């Protein structure tokens, strides 16, 4: 249903874009209806940039994004609006996703005015009630409130409800639970799982491997803007082949196992904390990928031998692709 | 018994009255112990951490005591408290990314700081360099501005600065939550290493991430709505917790290997009560599956097994 | 994620809108700066409106004895030529308000247009507008004003207000750009785009209302600034050619040696009037800043 | 870093070009004919007036097509030739201005720099000190709201006219000739003081207020909190806050320079101080547009140089621009 073919994104830097920085490097992936694909990467890996390109919040530098057979990477005006009827996004920070001066109803009202103006008040309310039920929201507790009066979990659910008011086919969920409390995040995650059974395609962007593992059918591991490993979630997590994937997995904190005790311990050669330009997922810089920090640029440019001319992924077993080592 | 906290209460002043962010916490931390402090947003864990360092104008010290190696900390006298900071109690703040003056080189910053505390910089700078190398940083960072360092690097520099004078108590507030997994690991391991090498005596690690605590903490204290609800060794908390809140919290965490299709986890319904005017009795009552009539009375925080305390009638 | 949200999050009981508004109001009515500044301003505004009706003397006519100090007949005395200083003062005060509102208003409009566009669009548009802003900022506006105002032999208050407005917007544009830039990075702007909203709507309905207090404060500063610039122009003889203004009064006072003659009633009122209006505005602005900006509040 | 310089340089170049073009337009597009008005004052015979007209038009370079005039203007400008004054004919504009410049600079430079330094120091000291905040800062607000010329008038009236401590007008005493004598220098200083003081005071108020607010923000910043958490004394925290708050104040100086210059010009007028401001007033009154043009050219160049210097200083004092992480003010 949604395909990315050789999508790249470069940002202009320097005076009048004299230099450029490759944030996403020749990424191809597809998401089928009723499938959750998780896009996992650390900050600066380009995962949010991919999400923004799919949502057309950022233009694509090269490559194409196809949704239900039509190339949407150049849509504007009416066509873009029609695209948004079917494809929507939810972002990391629930408090920043709402305009703080309006009640949360404003987010729904926008959708109504732009897309559902012909619905009568009664129809609208009927639809709203059923959608709110889907996302397990008690209308009375939430509607009419200001964002700061609600919990992050409620706000994220409401945003999903907002998307569901449209004829949603595909959802980009960009770190949607990383700012939520442990006690509520799993419920929002489960909600995504429920949506997929209704035939929705979901791109679940996260830096948290255990969350990606929990919810997704297929997994894409991203590093420095390029795919290092992808395939069925069970295969990627059960039989990680790329050293980067292994290193990531070994660094994931587990509840019932300590790092030292983990068998994968012999492979911790991740450049540790010294990877420069790394930014906190919560800081504004990480979500506004507009201008990447300069430190990042330097290393990324160094680490890339020939941008855009990277060797193809190797299929090592059915539905399990790995980038040749030394490539990322 | 290195750190002893007794019935500590610190409220926030707001227009509508005091928010009882920390409403009576009592616990002890042994020398060389790393205690993890976890809970949802607004449970009071950061307030607890902050009040051990500096109670600012928005906070109000209400009661309770903290003693460090047997001597009481003057929590309500900020001037007197300043003498204990850095040397006896120290902080690795959650804002480590912006904790250093952006217009001062790191070396200069440390020298200024030491001088201002009446410590000749030469006596500790050698140790400072050694510790930087210990956490994998080159001593070049001394000649750099904070903006030239990555997030993980800044986090570690701040850690080294904060522990430079070998404090008896270190409060590490959400030091890993802003970092990527691999950086997270490096920082967490550094905390343990600092303890092992005796740079810090007792450590409090505040985080909302229980699984990172499992990696580094000797014991864990869980807080809920301004009060501690359970305190035990890390293993005991993870494998044999007594408080229903802890159990629900643990069961809501997905781990690598747990899949939605095979094993559906669930969260805790409801929200914590408002701390502006908290209801009497057990504060978890409304969300607790085990609640019964007695929960209208406040359960005491008592030892339910050796080294294991909980505040629940059914514990 | 931390206790920082604590004061706002766990309270479902209080009425939403009322609480936020009442908080601003609570601090507003308790803010001495806001009250003092506002009172001074309102009093002068009233004087500017009512004043001209309190006197029958046209401001520029030679109506009374020459150079007489304040008296029952001529409250603020008369000029060397026997003009009524009080009449000049209240009419000048009117001019001052008109120039301030107009100049401040136009500067605010241009500043907003440039600032919003540059901040929201970013990229090349931003770079271009930035360059224009920097150029206007550095060009000594006096030179431009001189050319233009001398070009029009007959100049009125309106024209002066326009000129002042057209040259004093750059700093406001910069400030608004920075604010817009930070708001544009917020997710609700992206969500508005995903809701199919057009750029203009996003700017005016989503972004601008969020910085309304900031815009009001910017306008107040531009208001005060315009008054001062206009006074400067008046003083070197580039002000309105018809009518009177406080700057012109000072100009005449200096020109006709009021200083040497000790005619303090001629030059004290106009300067005091300007200082009071601008001072009232500035102090009010600080008050507003403290109301909207919790960090500046005294605890 | 290089990007910062390239961009700045480009902007200054463009600004210079625009400003000079506007400046060129002053005599050309002014209502009235400067040559005519000069001749009319000389009251000549009609026929000799025509001859004179042609002569002067030629000598002012007004008898060629407008685009030629524009190019000629740039040409002579680059040679330092600013034409001839109409008011003080036949003195060259450049020498008339050269006589006035030292006075203006002597007034403006110390006033700008000292008020900036003193205002910032005071503002930093007053921030978060309640008694000062409530007593001194209101005065700062009032000072900052005063029109430059009015403060000048007030000072002149009180200290000059009423108390008779300082002279009311001029650059030096009547009957003195410019020379290097103690008497002359003393007179210079006496005449200099009041205009300087009025410029200084208005600026002082503005900087003090700005600094006070900036310091409050800095004291609330994370690095200040961290220093507090490490038990650093207020002294160090305030010192850091002051250093960081100075950076926006440097930029603020650049933003303000145009306003300050205009203020200095009107202050000169109040005190009949023989600087550029008075020259401009005379030029306007005598319709001497070439003199006006020349005076403005100097102001334009002065403001541009000042801005450029401030930009460079900013690069020196803010490490963030040097490391190239931010475009800073550009």
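Should a chain be cited, it is by its letter among A, B, C and D, assigned in written order, with residues numbered from 1 in that chain.
One rule holds for everything that comes next: a contact is a pair of C-beta atoms (placed from the backbone, for glycine too) under 8 Å apart; a residue touches a chain by one contact, two chains touch by 3 or more.
Computed from a prediction, not measured in an experiment: that's the story for all the values here.
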{"item": "Central subunit by CA centre of mass proxy", "value": "C"}
{"item": "Far-end chain from chain A, centres as C-alpha averages", "value": "D"}
{"item": "Between chain C and chain B, distance of the C-alpha-averaged centres to the nearest whole Å", "value": "49"}
{"item": "Whole-Å gap between the CA centroids of chain B and chain D", "value": "56"}
{"item": "Computed distance of Cα centres, chain B from chain A, in Å", "value": "31"}
{"item": "Interface hub residues of chain B, defined as touching at least two other chains", "value": "41, 148, 177, 208, 271"}
{"item": "Numbers and ranges of chain D residues touching at least 2 other chains", "value": "325"}
{"item": "Residues within chain A bordering two or more other chains", "value": "151, 181, 282"}
{"item": "Chain B-touching residues of chain A, taken from the complex the two chains share", "value": "42-43, 151, 153, 181-187, 189-190, 193, 207-211, 213-215, 233-234, 237, 247-249, 251-256, 258-259, 268, 270-283, 295"}
{"item": "Residue ranges of chain D touching chain B (in the complex, touch as defined)", "value": "221-223, 225-233, 235-236, 240, 243-244, 247, 317-320, 323, 325"}
{"item": "Residues of chain B that touch chain D when the two form their complex", "value": "53-54, 81-87, 90-91, 93, 95, 98-105, 112-113, 116-117, 145, 147-148, 158, 161-162"}
{"item": "Of chain C, residues touching chain A in the complex", "value": "1, 5, 8-9, 11-12, 16-17, 20, 122, 124, 127, 182, 185-188, 190-197, 206, 209-210"}
{"item": "Contacting residues of chain C [partner chain D, same complex]", "value": "130-131, 134-135, 137-144, 146-147, 150-151, 153, 171, 224, 228-229, 231-232, 235-238, 247, 250, 253-254, 259-260, 262, 264, 267-268, 270-272, 274-276, 278-279, 281-283, 286, 289, 295-296, 298"}
